[in-house]
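There are two complexes below, and they share subunit A, which is joined by subunit B in the first and by subunit C in the second.
This part shows the complex of A and B:
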């Protein structure tokens, strides 16, 4: 149970760093976990949790990329297409019939970052709305993925698969992956770059008055987002041992839903990856509960959407009340 | 707003020796500065010379180019031509960072604080303290911020608080504290006291004086002529992008200053007051906003301008919002003798009670829409023609009439509201309110930070309105305005009415006495 203790410690780490007044998300998540575990006690097991995290990690990475864009008062609709590009590249170029070429992994990750860089350049220097720019790159790179791998297939390197689904010293690697994501976020949040990102998202004009290079900051944000979404694609290919050029379909909306349920403000400047990760797990546990209760899968979809509405309404409730009461 | 966690001390202490001795060097020289946006010249050969050790005021109407000049000096925008030099050395002002590198620090009118960052992060945003491997040292950040707050005399403010949660006045103080993080060679105060009460204004100006004594060039933009007279050593007046006069404040009388700013003779800033009517338009009994204002009684007569004064945050906002239907209130209200139970601004407007809000950009205007549609916004229902579409002809006619009434150029109504100066934007908000043909007009500090020309136009429009029998409740942070414009002034203190000054009692010192509680109290209340 030492891993469980570690995850409890992780949770404490996350909680301490929550923006004040953001207790709703952890409470909601804790409630869902308690309910789910009481229905299926077998879940409380290092390996079981590891599997759960493993299936959630792709969504966690995409939600991370999305959170970065949203914090900078933008949006990244292309996260799913970056994912499929690196997914099919991993399945066809890193592995395949001629054997493994793991040395090319940095190149594949660089492709993800490059797509992010393109997004950032279009938005920061081309002056395009993030919605428009990433809508375009979304479609373009979905097409590119189909060009590289027209149908499901390919063979990611076995070593990558072992890394994705394996264990280190008895701890499933998925735990380590999740911890690394959170660690990277907290490091970013505590770096001058992180403050600049929040400043740009909060108020770009004022950030500029403070000498912050707004365009460069946006460029970095989208590049980082592309890089992270690219990691998600590699991880997906590795953990499923195959390439799927359409795997990104249906991943965009959950990434946005996780950001919103977590509590990052769509108006920019407020929130963080820690919150979005909790948002991802809220969605994961809703799905898990629905499966455990042997309900049809559409229930999970509707329940997730209802959760989104409830959470957002509850969160705006104090503000609505405050607006009515104080002068 | 009560309980804002800060206090101020009037006398700041310079605990760091300035590297610049007083009177040393030539100071800041601006020569032949030009800046045009398309065909419109905003600055046309501006000349300015501010010496080290002096507070140099820059005066002018909105649109005269003051803010543009300050933005050029701060590196925010680039001039088309002209030179800026400091102590004889020409300056390159390519970016806010470059200006800061030359020791030019600006307290921006529109505030440069980022709302979602903490006080500490904002104060040290230009120089976040990091430690290996490049992360921000959180304890050091908080310690440095607390030290800066203490050094500048803003005590009791938690540096971890988010700027978004703070009042406008506190934010403006922080803006100044941030500029004083390192000793400035040039300190620019762009309307730096516009949101401050008397004590905080004194605090800010004491800082300005301390910096000047230490040898800095201090440039101050202010619309408060008394403030300029009281604190500036010299002044330069801008008009239509040109420097038209410079000298000591004593060289000009008030009419002379205003004339130089406007280039035309202003009869008087404040119009003649018509006697108020006898008929009571609005009567309140036990008007109470929990935690904000009251319970109090008050009466408002037709054609009367009732001033609302007092220090900042004494319940004036609650009173105004309650009258406007924007916050829940208890008690009884009567409009023209009939009970009124409005619970929303929409209902208030339907009854003829309209509020002109304080922050014209955030609360009032759609900046990208035309001036015309901004004026018509609250009255579109009345402008519907056949089939329910807006009758453009009637809209144009009606908006042009209101625009002329408040002194707006009727030929520019097709332009986006963004193109207007602050004073003219406020006129648009006023014209919109007037177009609803109100019985009661509520003005919430609507003349704050606008130029004298616009102010004069608004005053004239108010005089015209009261002559037609409209009743006005006018909250203002400018005591002179309350004294010279209003028929009666209600002074709020701690959410109650500290006293009401009738017209023959109106004087700035009486207002201040009531506001700070050195005179008057509950027993004198007779509104």
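This part shows the complex of A and C:
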């Protein structure tokens, strides 16, 4: 009897831990990886994994930008439009017919950060809801990208392409890119800025009372997000060797899905980029599995959506049950 | 409750004023703009946004958001053309699809209320499931199925010089206004959007109201998709894609608070007309789709800015 009680208590404990997504997400990802590898053992290969990471890296970067906004209790609908702006700039201004001008790369990255700064200014100092401000900048910079490059084309510098899809000392560069994203996040998280971001996200008023400049923190968060989404655009252009002004259309909703599957709370202040990266790879492996099983592509779409809903339902289950008990 | 009234009325008035000024400006620039045939066309275009944003208005007023609009729209158009091909009567198809849209919305609403899934997540998930189904029935974004005759008649036939759809839209706008302003449902919807806890404690059936809003959004989106397929004359997977943005933008331009609790469907109607007039105005300046995006973004910022100033003035 006591064993039963203990196991029930354990189950309750497990459910209570789930909302934090601390082990639920890694477990889910590990399961998918094990299943996928057992179906296609050829996947266990440095080059194969490198290609997988390479195709996922754009989503990883966008999910990172999205995570930063969500952690600060916001949302960034403009990540896709920042991506297309730097994507077309890379294809037309850094490369193009008149030869490569790689020296301008910092400027392109600064454009991404500047769009993020505009988002941050509208939200932190203009007092706009993150949702509305980034809805507007989403439209505006989608348009700007189309002005720069009306149709698919352009030619990103070959050196950037080599960097994006090449390898260093036998290791595909995509590994290094992914590692850099994670390292940057863990460094940020332990920095005073990271602490401020989480504080502002969990309770802006209390953060303010503790002497944190809430507005400035939000400004920095969105600027950083724009910078990261800008890198995603440069990487996309470089790795595909072309500029696509509408490439961002289908990337916004997956970036939100990855953040949510990872376990970062939409209510702000809880979660992190590490979780979102796992969320991205959950979606990547679902797609990979469906392809490996030679199922039609709609299965991947349905499975991804179902996974999103199931994961979120499981996380909110303890909350729902607790409410039923008190009601 | 009275807090909403002084804010809601000027916002709607401002939205119509902006729309009217834009229209006047466009007519001065090119007198053809106000010709009967062009007006008819504008009305039809505006009605697509109007219906896509009808449910979105209710959902946003209740404090939520519906991101599944584009896919439910595509479902409406594509499924009707498939059924049409199978020889099913169009009228029956339209009714069934509006019901199916409503059922999908109900599921979203239950997810948001009973399972406490955030609206953004629930409706992205629902959109993904619908998209998966559409991919399964075998319509890639490149291939197209022809639109059903009933949908074509709705947007092409006219009565007393106005397209049939204009009357339908007017009827729905009047019904929505009555529902929001004169019924217990409307009061509960505003109360829920303004403060869910207070609304619940005050005795509003918060969950039922929210589910109803999502159900309305699903039904209206499916109907908007049917209309769109009738106008374009074909259906394709991405046909609803622009309406994710414009359904939300029409609500924001119409003066509603995106946090819920304040706004009106007439505001959204004005927003839909404003977006449509802008889309028709820009080509007269030789400005293409790229500029339309930019102008849409600026209009949202402008509308929200004006409403903030107006709200501050109204609150003293």
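A few comments on the model shown:
Criterion: the second predicted complex is superposed on the first by the 296 of 327 C-alpha atoms of A that agree within 3 Å, B and C clash if a C-alpha of one lies under 4 Å from a C-alpha of the other, contacts with A are read in each partner's own complex, and residues count from 1 in each chain.
The definition used in the following text is that a contact is a pair of C-beta atoms (placed from the backbone, for glycine too) under 8 Å apart; a residue touches a chain by one contact, two chains touch by 3 or more.
None of these values were measured; they are calculated from a predicted model.
Of the two partner chains, subunit B is the only one that A:195 touches; subunit C does not reach it. Touched residues of subunit A were counted for both subunit B and subunit C, and C has more of them.
By the document's definition of touching, neither partner reaches A:41: not subunit B, not subunit C. When both complexes are overlaid on chain A, the residue A:106 reaches neither subunit B nor subunit C.
After overlaying the two complexes on the shared chain, residue contacts for A:207 are found with subunit B alone; subunit C is out of touch. By the touch criterion defined above, A:170 reaches neither subunit B nor subunit C.
Within subunit A, no residue touches subunit B in one complex and subunit C in the other.
Those residues of subunit B that touch subunit A in the complex are listed here as 74, 76, 95-97, 100, 108, 111-117, 121, 125-126, 128, 130, 134-136, 138, 289-293, 315, 317-318, 321-322, 327-328. For subunit A in complex with subunit B, the residues that touch the partner chain are 187, 190-192, 195, 198-199, 201-203, 206-212, 268-270, 324-327.
Of all the residues in subunit A, the ones that touch subunit C in their complex are 75, 122, 127-129, 131-133, 135-147, 150, 249, 253, 256-257, 260, 266, 296-299, 301-302, 304-306, 308-309, 312-313, 316-317, 319-320. Taken together, the subunit C residues at the contact with subunit A in this complex read 65, 67, 111, 114-118, 120-122, 124-129, 131-136, 241, 245, 248-249, 252, 258-259, 288-298, 300-301, 304, 308.
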